[in-house]
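For reference, chains read A, B, C and D in written order, and residue numbers begin at 1 within each chain.
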């Protein structure tokens, strides 16, 4: 794995046929679809991957199948965020055994911990992990964020190799860029795709953007244009990203709307099933129709796998 | 199990010797200590029990040992709250196999769900559970609460038998009391012990109070005095509860301070180890000394198990 | 004014005919209606009184008229909460000139201050006030609460004479009761009427309850029953309070629903106009009808002023 | 006033000698200092201007003096945000009389209103205003934001001419850019200076950046570089902005730290007094020393007015 890891690393959805059953054929199509788009890696079992909603047996199966299907073409990153220390370690071990390249960790998210507790937690956990670690900042869901002093401190540990910031807080991201001077190999990625161009201009290395599940090339090209400083092309591609954000991600209500929208698009494109693990459920008729119109507008439906 | 379940049901701490090792001897002493206090049940794997921080292997062991040690003297309730549907079902099955009496469920707590999603989640989950279910309202940690309309709807399902409210919102609790007319067998319990007397006066059936781990008799007597309408005695015992709340629960900072205080007290009383699962850790010297002074003031230290 | 002030002190709505025009006749009827109910005081320009939404000219007129109409029958308390120090002092001076008895202050509510800043603010403000001061704890609207250490410190200032707690946090209230031993003359009142009985059982002195605008006797009787320890009568009256809370206060949506419901009820009872200062507006037809049904159910409509 | 208004419009601090006394000489120096820096306008009585903390007499004096001192060299925008409709109108009238160019309005910030209420509020208020209006989005302080549907609706009113977004939410800002096609004359400005370059790249028109009080040229040059697409120069200047943000704005704690830091810098530069209106107070010795070191590092102290 290059360090820093540069480009688009889609937070892969988990194709399901039921609450404890992978859509195996869909998973294969999805991985091909994404890798064809020119991405720099695959991140499984994150928020978009419904990681916390999946049983451990299925998580293990997903890790193994994904690593096998990726065939080393791109690095595989696996989310190990958990409220239970020992389960995080277990998932990390399965990941190493399956050939994954790194693991990704947001703070334990039930009872909120203070920063000193979070730092001590990292001190205890990292030595137990067989793979290098990315921090995953997601305060809206974990209550606690990796404060920048905690990130700075984590940089002193060579087993921690990067940060994915999904806070949506651009000031935080700019400050995180300012820390890069302490670790030239550190990877800094942005979560919300609406901020991908901003993040790359600011000095970040790329994005973990949900839309890259169904339209990977768009995000890869936007990344490259931003990296090249081609402001005109950036504006054009960014407008498409905003179009998706303004429409597809607002079809549903509630916090799960983005994941539902992405899975629905993938289903309409013939890539994989859109079953959602509880407590969520797929879009029904009227929402599905809206997504179809949107995909037609994006000229994506002719790419449809037959 | 009586219905409604009336009295004090302590949310039992989990005695640990390490992050994946039960303090087996401590567990036995703790269960005896609590049952001796006259409680109406035991609730394991809740927030105070550090449920979400424990690995599943250890959860299973705890369920089995607790049911065996309780020997049917009081009903055992087991927390099955999880972000993953299938893991909740697994824990519920282990509970039934071990002889537990009921399971307890807060909303999935990673990505917040809307109330219709929460209702559908209950509709899907309850038929999979081999034991009756208590709802557990804990919005400060789960983000989402069981809105009262959702509680009302749940009352139509005879497999759902009660509500433990830890919201700290007395208006919510009074409204929940107002729903009892729809289900005479429904159990309504309060979480925060500072509100135990209020809850019983209001028409609730008792409390799930953390302090009952180390001082069960105090809470049991307060419950009985409130039930009997003995306002003078209530005031006297409530003052002791507030003394514990004002002191023991404020020794630490951060949200885990209450659990740390209770475990430290139990350790000083010789009942069990005070090891905490990550990301938390036990009180060190200075805090421990404060807890010791407090226990001395409560005349609890002479009860100390040798 | 007695100290502590004991009983029901309604947070009086402000009868308006337009955004800058008092309903003068309605104000007179309202004051008579409330005082007839046996209340212990009048609190104007609080949250229910739409204080922050009213221009200063109108606030001054309201203070003068209310003091004149109250004719010393009950003490008048005036809200001086403001983001601007000098305006709080101005309103306090008008209050003293008009013959009011005390002023009431929540923390400045634009940019949130830390507790040391809040303490220093009180240190600077209280010497400028010509009347004794009640603290008003309302964190959901002011962002900042009077932490209990700040309340304890305020008790050392004899010009600060009490606390009205509208936090809805019963643990906070119980802790505030615990501070009363430091100031036997200190008044402790509860805001949410659903918690009035709890507050009096706990050792509080009464309530500042919005429903006492249109049905003052109900709250006065509930207060007296709680004070007398008549648990049976408390339960009966409390059920009526909950009925109002469950119905009238849920006719509207948004945070202003309670005030709209109270004003609508007063309008239907013929007491005063229900005009609301911007950014809010009165209930329209369908909501008004619901309120009418509710008042009929409470047998209040026959009391209607012709 | 150009439309859209393009460039840097500093949110001017209010130089004070006491809680109700302007630092008149300091105000004159400050206005010259800022205008010398090449700004596109002055915005007074915003958050940085401590608008809500100032009495109305002083607000009027500030408006009049500022307009007189600006001498038409740049447009003057005046904050009229208030919880009371009639006071907002009053301040707007004083502004028009004094020769100001526009007024600026955040949502009323005591009791949070729903979006339909906010829309109706604008419908009622705008016809009463003698000057065109900018919306000011500041949800962390006003609780309520101008949802984008409300912004879109406001664009249909030609008297509403722009939006200043201080949400810190870059997704919101990108969506607001997407609305510009509906009103070519609409001005869109960003609040947080850390996001100034991002905002201009995105298609915004400039910034309302607090640091432009003491170092206006830096922000003006950053704006111009971003507008010109000079990515190298942007990176260099943005790094200076981040240096100020990372240091000066973190000298204090609490939400007022930024304003205190800016006022302290201005005092050290000899521009104006750093008195803060209650409930805040100026930095004392140790913090002041830190600010001095920072200014020395920025080579600003030699510019010091003697």
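Definition applied: a contact is a pair of C-beta atoms (placed from the backbone, for glycine too) under 8 Å apart; a residue touches a chain by one contact, two chains touch by 3 or more.
If you're wondering where the values come from, they're calculated on a predicted model, not measured in any experiment.
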| item | value |
| --- | --- |
| Labels of chains that are neighbours to subunit A and to subunit B | none |
| Graph distance between subunit A and subunit C, where chains that touch are linked | 2 |
| Same or different residue numbers at the subunit C/subunit D copy interface, by half rule | same |
| Interchain centroid distance [CA atoms averaged], subunit B/subunit D, Å | 50 |
| For subunit A paired with subunit D, centre-to-centre distance based on mean C-alpha positions, whole Å | 36 |
| Sequence positions of subunit B contacting 2 or more other chains | none |
| Residue ranges of subunit D touching subunit A (in the complex, touch as defined) | 168-171, 174-175, 178, 192, 194-195, 197-198, 201-203, 229, 231, 234-235, 238-239, 242, 245-246 |
| Subunit D residues within the subunit C interface of the complex | 19-20, 47, 52-58, 83-87, 90, 107-114, 117-118, 120-121, 124-125, 141, 253-256, 259, 277-281 |
